[in-house]
Each structure stands twice: as structure tokens, then as C-alpha cells.
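Notes to accompany the following structure.
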Amino acid sequence: MNIMRGIMALCVAGGLAAAAQADHAGKIVYHVSEIEKVGFALGNIRNHINGVGGAEHVEIVLVAHGPALKAFHDTIDANPKIMDRVSALQGAGVRFEACGNTMNAQSVSLDDLMGSFARRDEGGVVRIADLQSQGYLYIRP
Amino acid sequence: MNIMRGIMALCVAGGLAAAAQADHAGKIVYHVSEIEKVGFALGNIRNHINGVGGAEHVEIVLVAHGPALKAFHDTIDANPKIMDRVSALQGAGVRFEACGNTMNAQSVSLDDLMGSFARRDEGGVVRIADLQSQGYLYIRP
Amino acid sequence: MNIMRGIMALCVAGGLAAAAQADHAGKIVYHVSEIEKVGFALGNIRNHINGVGGAEHVEIVLVAHGPALKAFHDTIDANPKIMDRVSALQGAGVRFEACGNTMNAQSVSLDDLMGSFARRDEGGVVRIADLQSQGYLYIRP
């Protein structure tokens, strides 16, 4: 009977894992690489949060690489609309992540990016794949 | 112990069989936001249906938001090629869905769109995530 | 018997979760259709391989269709940088696949494409869906 209970416990754990997996509508990775799409992508994320009834219902990670990262450079001529949106979304819990390869290519450190970014040394595309393998749904604005 | 092993082997076999059956290749969400990609996306969907041997082998939902929705406005100067493709694809069972936020921004109602669209009040990106969480595969033309 | 069935159902669910989670982190389908994105996409794939510590840790398939396929035409004025990257990536085991519909539209055979492509007669979009249903993660450069 103890072995039986052990099996059942393992199966229940497996079932719970499956249930957790089935509920992944609330984990999303947004992928942006084109500089001209950054504003649109940030608007999509704001609409996403509103559409699910608030930031507490969704976990969103934005992974930026390639030319798109330039839109997040915190320079004196940075686009104030982008800055405002980044600030609002980070305040709502959206995580912003930057590709380490792109940061090297653009010679920027985290201090040079708006707000609070995380640097992904494995690269943006590897990070996007890893997030998907963790159950994040993929949206490409 | 042999019975126990038998049970466990059956469970593993059951898991593999279920995995093999969870064949969701036949449910696809197409996502389009750029107006210049609408014609290409509709051609992709037509090719998709042909490539699987007919509309009865696939369920396709096209979710349009952002500038792309303008290509579906049913105005006097609408592109006749787009109209024909929308008509043919809707006839083949493809579902067309429009982002409610975009409809508001473009001041259009369902009557202003070609053929038969569904309005998604939760927003296009939320809808795309929901469809993926229901097993729809994601294709971004 | 009811308890037994319950155990088996839970095991099946557990098996599915494990199958879904276990296998697909290392299988990626890259999708490219825009000619101007081909160089970027090839760079992404190179970075992907480096980011996971080498080609032995990932299986990558690139599916090209639409205008993007023109960048792979093996003509006298082909871009040498593209040719070098294709050669390096194919050497690292990346599979390159071309949409049969696009090959017809562009009147090319496999001999007209750089290196070693596979032709997908079912079409690029169908192939992308099939790969996803086999556990490949989707990245759209």
C-alpha cells in the first residue's frame, strides 16, 4: 500500500504539472527586433494587459534585439513617448530584456538603456526559445 | 513488484499514446498587423489549405489588428483582389477576426468590414494568446 | 477499477506534460519570408547556435518562402555574405528548406539554390505548422 500511495502521489504531481501547463495563457513573450515596431509593440502590450483585466492576470516578458534595441537607448534625444510607455509597463510588472549580443554590437551597458532592463548573455533568440519551452506563448508584433 | 512495474509501464505507454494523439497540427492562428502584408497573408492561407489537401483538414483563424485592418475596410475603393480572397477563404471556412481596440481606433463597425468578421473585444493580441493556449499553432506572415 | 482508471488518467496527463516540457527546447523552426530579413535571420541562427554552446545542443530548421527565397538563388550576382553564412550554417547542421509553391512561382529548382536545400511540396506554411506540431519552437526574425 505504501508503494501504491507513492505511485498515486507521483501521478497526482504529474497531473498538477499538466494542469499548470494547460493554464499558460497568462505567460507571454513579446519579440521585437525592428526599431520602427517598438512603439506599436509597447501599445500591444498595454492593450494585452487591459484586455485580460489587469497586470495581475498576465506575465509578460519583452525580448528586444537587433535594431529595436536602439529605441530603448536612454539618450538625450530618446523618444519621450517610448520612455513613458516603458516606464508605465515596467511599473505594471512587464519585464524588459535585452540581447547581450546586440548590447555588445551597439556598445551599450544596462545603464545606457531606459528604466530597468535585464541583460541576456545567451542572446535574445535563445532566450525567446527558452521562455517558450517554459510555457510562454509567443507574440511577434 | 511485477504488477507494480506493469502498472507503471502501462502508464508510461498511455502517456506516449496520448502525446502521439494530441496532434494539433490542424489548428492555426494567422496573425497580421501590417497593411502591406495582408495580400501575402491571404495567399499563405490559401496555400495552407491547398497544402493540407483541403479546408476540411485544417481550422484557420486570421486575427487582424493595427494598420492591417484597413485593408479589410469595405469601402468603394477597396482592393478587389483582397475582397475576392476574403470571400473565397471565408467560403472555405477560414474565420476572420478583428481587434476591438483597432476597430475603435479606426472608427469602424463590423458592417464596415468585408464579408463576415468577428469582433474581439478583448483585443487582437489577447485573442492570439488565447487561441495558442487552446492548441492553435502560430504563424506570422 | 475506478481508482485504477483514475491513476491511469493522471499518469497520461503527467506523461503529456513531461512530453511537452522535455523535448522541445532544442528544436527550433526559423521562418523567413522577407528578402531584406535574410541576412539578419542567418545572423540570428548563428547567434542561436553560439548561445546554446554549439550546434550539438540544438536542431534548427530554416523555412524560407515568398520573396526571401530570392536571396538564396545561386546566381552570379548572389550576395557573397549570404553564401558564406549559408555554407557555415549548413556545415553546422542547420537544415534549409524551401517552399515548393515559391519555387514554382520563382521558376527555380533545387540546383538553382545555394548549398543544399530541401524542397517542401506541401508549402512553407504547412511545413512550419507541421514542425511546430512536432515540438519545434517558432522564431520569426
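Each chain carries a letter (A, B and C) given by its place in the written order, and its residues are counted from 1.
Operating definition for what follows: a residue touches a chain if its C-beta (ideal position, glycine included) is under 8 Å from a C-beta of that chain, and two chains touch if they have at least 3 such contacts.
For clarity, every value in this text was computed on a predicted model and none was experimentally measured.
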item	value
Copy-to-copy rotation for subunit A and subunit C - C-alpha atoms, rounded to a multiple of 5°	125
Same-residue or different-residue interface between subunit A and subunit B, half as cut-off	different
Distance from subunit C to subunit B - Cα centre to Cα centre, in angstrom	21
Between subunit B and subunit A, distance of the C-alpha-averaged centres to the nearest whole Å	23
Touching two or more other chains - residue numbers and ranges from subunit B	7, 11, 138, 140
Subunit B to subunit C touching residues, read off their complex	7, 10-12, 14-19, 22-25, 28, 40, 44-45, 47-48, 50-52, 137-141
List of subunit C residues in touch with subunit B within their complex	4, 7-8, 11-16, 18-20, 31, 33, 65-66, 99, 101, 122-126, 128-130, 132-133, 138, 140
